[in-house]
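First subunit A sits with subunit B, and in the next complex the same chain sits with subunit C.
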Partner chain A sequence: MTATTPSTATPFVRKDNASQRRLADAVATGLLWTAALGIVLLLAVFIGYLLYLGAHVISWHFLTAPPSEISAGGGIGPEIFNSFYILVLTLIFTVPVATAAGIYLQEYARPGLFNSTVQFCAESLATIPSIVMGLFGLIVFVQVLHWHFTALGGALALTLLNLPALMRVTQEGLASVPQALREGSMALGATKWQTIRRVVLPGSIAPLTTGIILIAGRIIGETAVLIYTAGVSVSPGRSAFNWNPFHPAETLSVHLWYTHSEGLVPDAVDIGNGSALVLLLIVLVFNISARILGRGLSRHFTGK
Partner chain B sequence: MLSTEPVTTPVRATKLEVKDLNVFYGEFQAIKDASMDVPENRVTALIGPSGCGKSTFIRALNRMHDLSPGVTVKGHVRLDGQDIYGKDVDPVTIRHRIGMVFQRPNPFPKTIYENVVYGPKIHGLSDRRKLAEVCERGLRRAALWDEVKDRLNESALDLSGGQQQRLCIARVLAVEPEVILMDEPASALDPIATSKIEDLIGELKRDYTVVIVTHSMQQAARISDFTSFFLLGDLIEIGTTSEVFTKPKDKRTEDYITGRYG
Partner chain C sequence: MVGPVIATHSSRAHVQESIARGVLLAASAFVILAMAAIVVYLASEGLRLFFVDHISPLAFLGSAAFEPDSRSPGALAFIVGSLAVTFFAIVMGGPLGIAVGIFLSQLAPPRLGSIMKPAIEILVGIPSVVYGWLGLTLLAPLIRLHLGSQTGFGLLTAGIVLSIMILPTVISLSEDALKSVPVTIKEASMALGATRWQTIFHVLLPAARSGLTVALILGIARAIGEALAVQMVIGNSAVIPQGLLNPAATLTTEIVTDMGSAQQGSVLQHSLFSMAFLLLLIAMALITLVRWALKRSAL
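After this line comes the complex of A and B, so read on.
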C-alpha cells in the first residue's frame, strides 16, 4: 500500500455516506413503527367509540330478552344464541371437508390438471361476494327446497362461502411443516398417513387452530349471506334457545343491520349500538383466544 | 490416518447391490449407470465434489426419491438379493429396513422420548415398559443417554445441533434397521460434535451396514472401509478406502484426492 491513499486504511468503513445510511435507517424504522402504531390506535379508537355509544345499553335484560318489534326495550338473547348456533353448524360442515381437501391438495395431489382445477375452483369460490352467495342460498334452500328461512340454510350458505378460505388455511398450515420432518418420518418406515397423522398435523395444529378461530370470527360477523337464508326474524315461539335447524334464525349481525335500516322500535339506535358492541367483543374474544390456544397447543404438541 | 479396524476380509457378503442405477430430475440426468456393491457390516463412504450426485445416489438406496415428484429412478438396488425397485415391493417396508440420517438434524417437534420411540410406535409397539427400554437402548447406542437421561420429557428442539443429530441416529437405531444411510451427517456440526458422530459410526458397523456421504475426504479416510468417488453423476471408482486414497486407479480420482478438483 502506498502513502497516497491514507483514507482507505479500512476499506469496509465508508465514512462518506455513513450518516446518510443512518438517517435512512431511522426514517424507515420510524415509518414502519408509525404504521404499526396507526393500526393499534385505529382499533383502540374504534373500540372506545363503540363502548361510549353502546356500553350503557348492555344489561342482563338486553343480553337475554327476545327482541321487540314495536315497543322499546327489546333484547338480543335469541340473536346471540343464533349467532353461535349457526357458527357451530357451519364449522361442523366446513372443518372436516376443508381439512380433508386441504390435506389432499397439500400432501397427496401431484401437480397436474386435477390439482390446478381444484385450486382454481377454490379461488373462484373465494372471490364470490357474500351477497351473491346469499341469493344463491335464497334460490336453493329457501325456494327450491322449500325450507324457507332456516338456520340450516344459513349455515350451508356460510359453509360454501368459507370453505375455500379454510381450505387455504389448512394448506398453509401444512406447508409450514418442514419437508425434512416428513422425510425423517418416512425414513423410519412410516406410511404417508402415519406421517401426516403423527408429524404433520401435530406440527401444524397451532396455525390450523388459529386459522379456524379467525374464520369463526369472520363467520360470526357475516351478514349479507344470512339475510337471504336465515332470515331477519327469530323463531316464532320467541324462546331464546331454539335448536330446531329448520327455524328462522336471525343472528346478531343481521339484527344490527335490521334494526338500523328497517327497525320500527323507537330505541333502534341504542339496540344497534348495543348489538354492535356485543358483536365486536365476541369477535375480539375469538381473536384473542385464537392466539392463546394456538400457543398452548403448539407447546403441548412440540413438547416445549 | 485410515480406519482403525483394518479390513481383514476383503470380500464380504454384499448387503446392497446397486446395478445400472440412473436418476433423473425431469430431463436432467443426475446419476449415470452407477453400479456398486455395499459390503455388510462395513462403512462405505461416497465422496466427490459438490453437485456430483452423491446425495442423489444415497437417496435412491431407500427410495426417498419416491417422495419428490419429477424424480425418476431406473435400474436396480438389491437388498440381500431382493430388488427394492421391484414391482411388488412396498417402499415403506424398505425404509423400515434401510434407515436414513439427514444432513441437517431433523428431530420431530416432540419430546426426546417421543422422538426415539416414534419408529417402534408406528411399527406397532405400545407396551410402555418396552418402549422405555427401546428408548434407553437407542440413546445409549447413539452415545446420548448420559446427556439426556434426566430430561427425556423435554423438547428435542432444545438440544444442541450435535445432540439433535445423535438423537436422529438413536431414532433410526430404535427401529432396528439393517442398513443406515447417512447424508453428510456431520456437515452442520462443530468439530467436537463431528468427532462424536464419527466415533459412533465406528461403533455402528459392528451391527449395521453403513453408507455415508461426506464432503470431507479426511472424514472418509478416518471412518470408512470402502470409498467410492463420484464426479458429475458418474461413479468413477470404488475400492477399499486405503486403495482409493493411496493408489487410485483413475486419473480423475487421483486429481480429486490430491486437491486438483473442486
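After this line comes the complex of A and C, so read on.
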C-alpha cells in the first residue's frame, strides 16, 4: 500500500517528502501492532498470573465446602451454588422481558416520543453504576418491602442492570435477518406476529443464544449490586446450599471482595486467590461455550 | 389478470396478533417504568440530606470535611477523587483503546482479528473484583517496589486498573465507529497518494469523530461508576489527594466503605444516598451527551 504518486500530489501535508511519509506510516503501523498485541499479552499475563496464584488452592474440598467464619480451611461451595442460582433467577426474569422489548423496538415501534423515551431509559439503565443499582435494590427490597437480603432481590436488581444489554442483543439479532424473509412471510398471508415467531426469531436464534451466554458470563461476575441486595453471608451449615429465594445468598464474586476487605479468616489470601481463579475459569467457559454453541446453532438454523 | 391477493387472517390469528403486540409493548414500557422508579426512589432517599437534615447542597458539594456525625457531610474529597481516577483512566486507556480500535478496523489480518475479538470479550467478562484482586496482588506491589509508595495503594494504582477496565468499551465502540466510515472516502484518500497512516489520521479519525467521542464518554461512564476494583486499590482515605501515589477515595468507594455500617436514617446514610443520586445524575448526563454527539453527527 505504499504511495506511488509523487509526494506533491497529496492534499494533506504541504511540505512533505515520500520517505518521511513512509517512515511515519511504518512507525504508526508498528505502534498500532504493539498496542494490539499488548492487549492480547495483557490477557495472557492475567490468566497466567491467576493460575499461578490460585492453582494450588483449588481442591475438591475448596470447591464444595462451606466457608468458614474465623478459622482457616473454609471452602466456596455455597458461593458457587449461589452464583449460578442467582444467575438462573436473573435470566428467568431478564430473557423474556428483554427479548419482548427488543422485538417491539425492532419490529413494531415507529420513530416517535415513546420509542426515543424507551431508548433513553434503556441507555441510562445500562450506564447506571452497579453500586447505585445496589442502593436502589437496598431501598426497594430491604427497606420498603422488608425482604432483608435475598437471592430474589439480588436477581431482580441484576435484571434491571442487564435488561438493556440483552435488548440490544435482541435488536441486533433481529436486524441480521434479511428483510426479504419478512416480506416473503407476510406476502404468504402470515400476520406480523406469526412472521416474527416462525420466521424472524428462528433466523436470529444463533446471535441471540451467543449474546445471552455472554451476558450470563457478565452477570455471574457482578458484585457491587449484590452486596446490598443478596448480602454478604450464606446460611451456616448444611442449609448453606439453599434453594429458597428469600434467603441471603452471597455469591463467589461478593465472597472474593468480602474476605479481602472485611473477612477475619487467616487464609483470606488463599481464598481470594482460589476464588479469583474460579471466577476467571467460569468466565472463560461461558465465552468458549457461547462461541461453540453460536456456531453450531447458526449452521443448524441458517446453513451458514 | 387476477386481482391482488387479500390475505385472509383467521380471527384467531388476529387476536394473537393484538395480544402479542400488547405484551411486547408492555415489556418496552417496563423499561421506562423501571428507570422512573430508580430516579424517584434514589431522589427521595438522596435528597433527604437537604430536606430532612437541612444541610445545604453547598456544604455537601463544596466542602471536603466528611464528618457526618457532626452534621458535616462534605463530599468534595470524593468528587475530586472520582474525577481524578476517571481522568487518569481515560488519559491512559482512551488513546490505547482507540489505537486498538484502529488496528482491528484497518490493519488486523482476519486470523488475528478472530483471536482478538474473543480476547476482548473475555476482558469484558472478567469481574471487577478480579481486576481489583489483580491490582491488589500484582500492580500494588510493583508500585510499592519501584515508585517508592508506602503501600502501593492510591490514585495511580486505581487509575491504571480502571484504564484497563475501560479498554474493552473503548476498543469495541471505536472499532465500530471507524468501520462505519464509508470505504469510498478511504479509497479516495489512498488513490490520491496518501499513505495508510495519513489516511487514518487525516481522513478516518475526523470522519469517525462523533463515534470516537461516544466511545470515550462511555469509557468515562464505566470508570466513574466502578466501585469495588477501585475500592480494593485506592487506599480509601477521605481527603483530597495531594499526589498520584497518595491514598484517596471516590464517591463509589465511600459508599462501599461506609454503607454496611450506616444506620438507617442517619446523616451518614443520607449522605451516601446523596452520593448515589449524584452518580445517577452523572450517568444520565453522560447518556444525554452521547445522544447529543450522535445527533450532531447525523446532521
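Definition applied: the second predicted complex is superposed on the first by the 260 of 304 C-alpha atoms of A that agree within 3 Å, B and C clash if a C-alpha of one lies under 4 Å from a C-alpha of the other, contacts with A are read in each partner's own complex, and residues count from 1 in each chain.
By definition in this document, a contact is a pair of C-beta atoms (placed from the backbone, for glycine too) under 8 Å apart; a residue touches a chain by one contact, two chains touch by 3 or more.
For clarity, every value in this text was computed on a predicted model and none was experimentally measured.
Within the superposed three-chain model, A:Phe62 lies out of touch with both subunit B and subunit C [touch as defined at top].
When the two complexes are overlaid on their common chain A, residue A:Thr191 makes contact with subunit B and with subunit C alike. Contacts of A:Phe149 after superposition: neither subunit B nor subunit C is touched. Considering which of subunit B and subunit C touches more of subunit A, the answer is C. In the superposition on chain A, no contact is made by A:Phe93 with either subunit B or subunit C. Once the two complexes are overlaid on the shared chain, A:Thr127 sits against subunit C while remaining clear of subunit B. In the superposed model, A:Phe141 makes contact with neither subunit B nor subunit C.
Look at A:Thr29: by the touch rule set out above, it reaches subunit C but stays clear of subunit B.
Contacts of A:Tyr85 after superposition: neither subunit B nor subunit C is touched. Residues 186, 189, 191, 194 of subunit A lie at the contact with subunit B in one complex and at the contact with subunit C in the other.
Touching subunit C in their complex are the following residues of subunit A: 1-7, 9-13, 21-22, 24-25, 28-29, 31-33, 35-36, 38-40, 42-43, 46, 49-50, 53, 96-98, 100-101, 103-105, 108-109, 114, 117-118, 120-125, 127-133, 135-136, 138-140, 143, 160, 163-164, 167, 186, 189, 191-194, 196-197, 214, 217-218, 220-224, 227-228, 232, 253-254, 256-257, 260-262, 272-273, 276, 279-280, 283-284, 286-287, 291.
Contact residues on subunit B toward subunit A in their complex (touch as defined above): 62, 64, 67, 69, 92-93, 95-97, 99-100, 102, 104, 106-112, 114, 118-119, 122-123, 153-158, 168, 171-172, 175.
On the subunit A side of its complex with subunit B, the touching residues are 110-111, 178, 180-191, 194, 198-199, 202-203, 301-304.
The part of subunit C that touches subunit A in the complex is made up of residues 5, 7-9, 13-14, 16-17, 20-21, 23-32, 34-38, 41-42, 45, 96, 99-100, 102-104, 107-108, 112, 115-116, 118-130, 132-134, 136-138, 164, 167, 171, 190, 192-198, 200-202, 218, 221, 224-228, 231-232, 252, 255-256, 259-260, 264, 272-273, 276, 279-280, 283-284, 286-287, 290-291.
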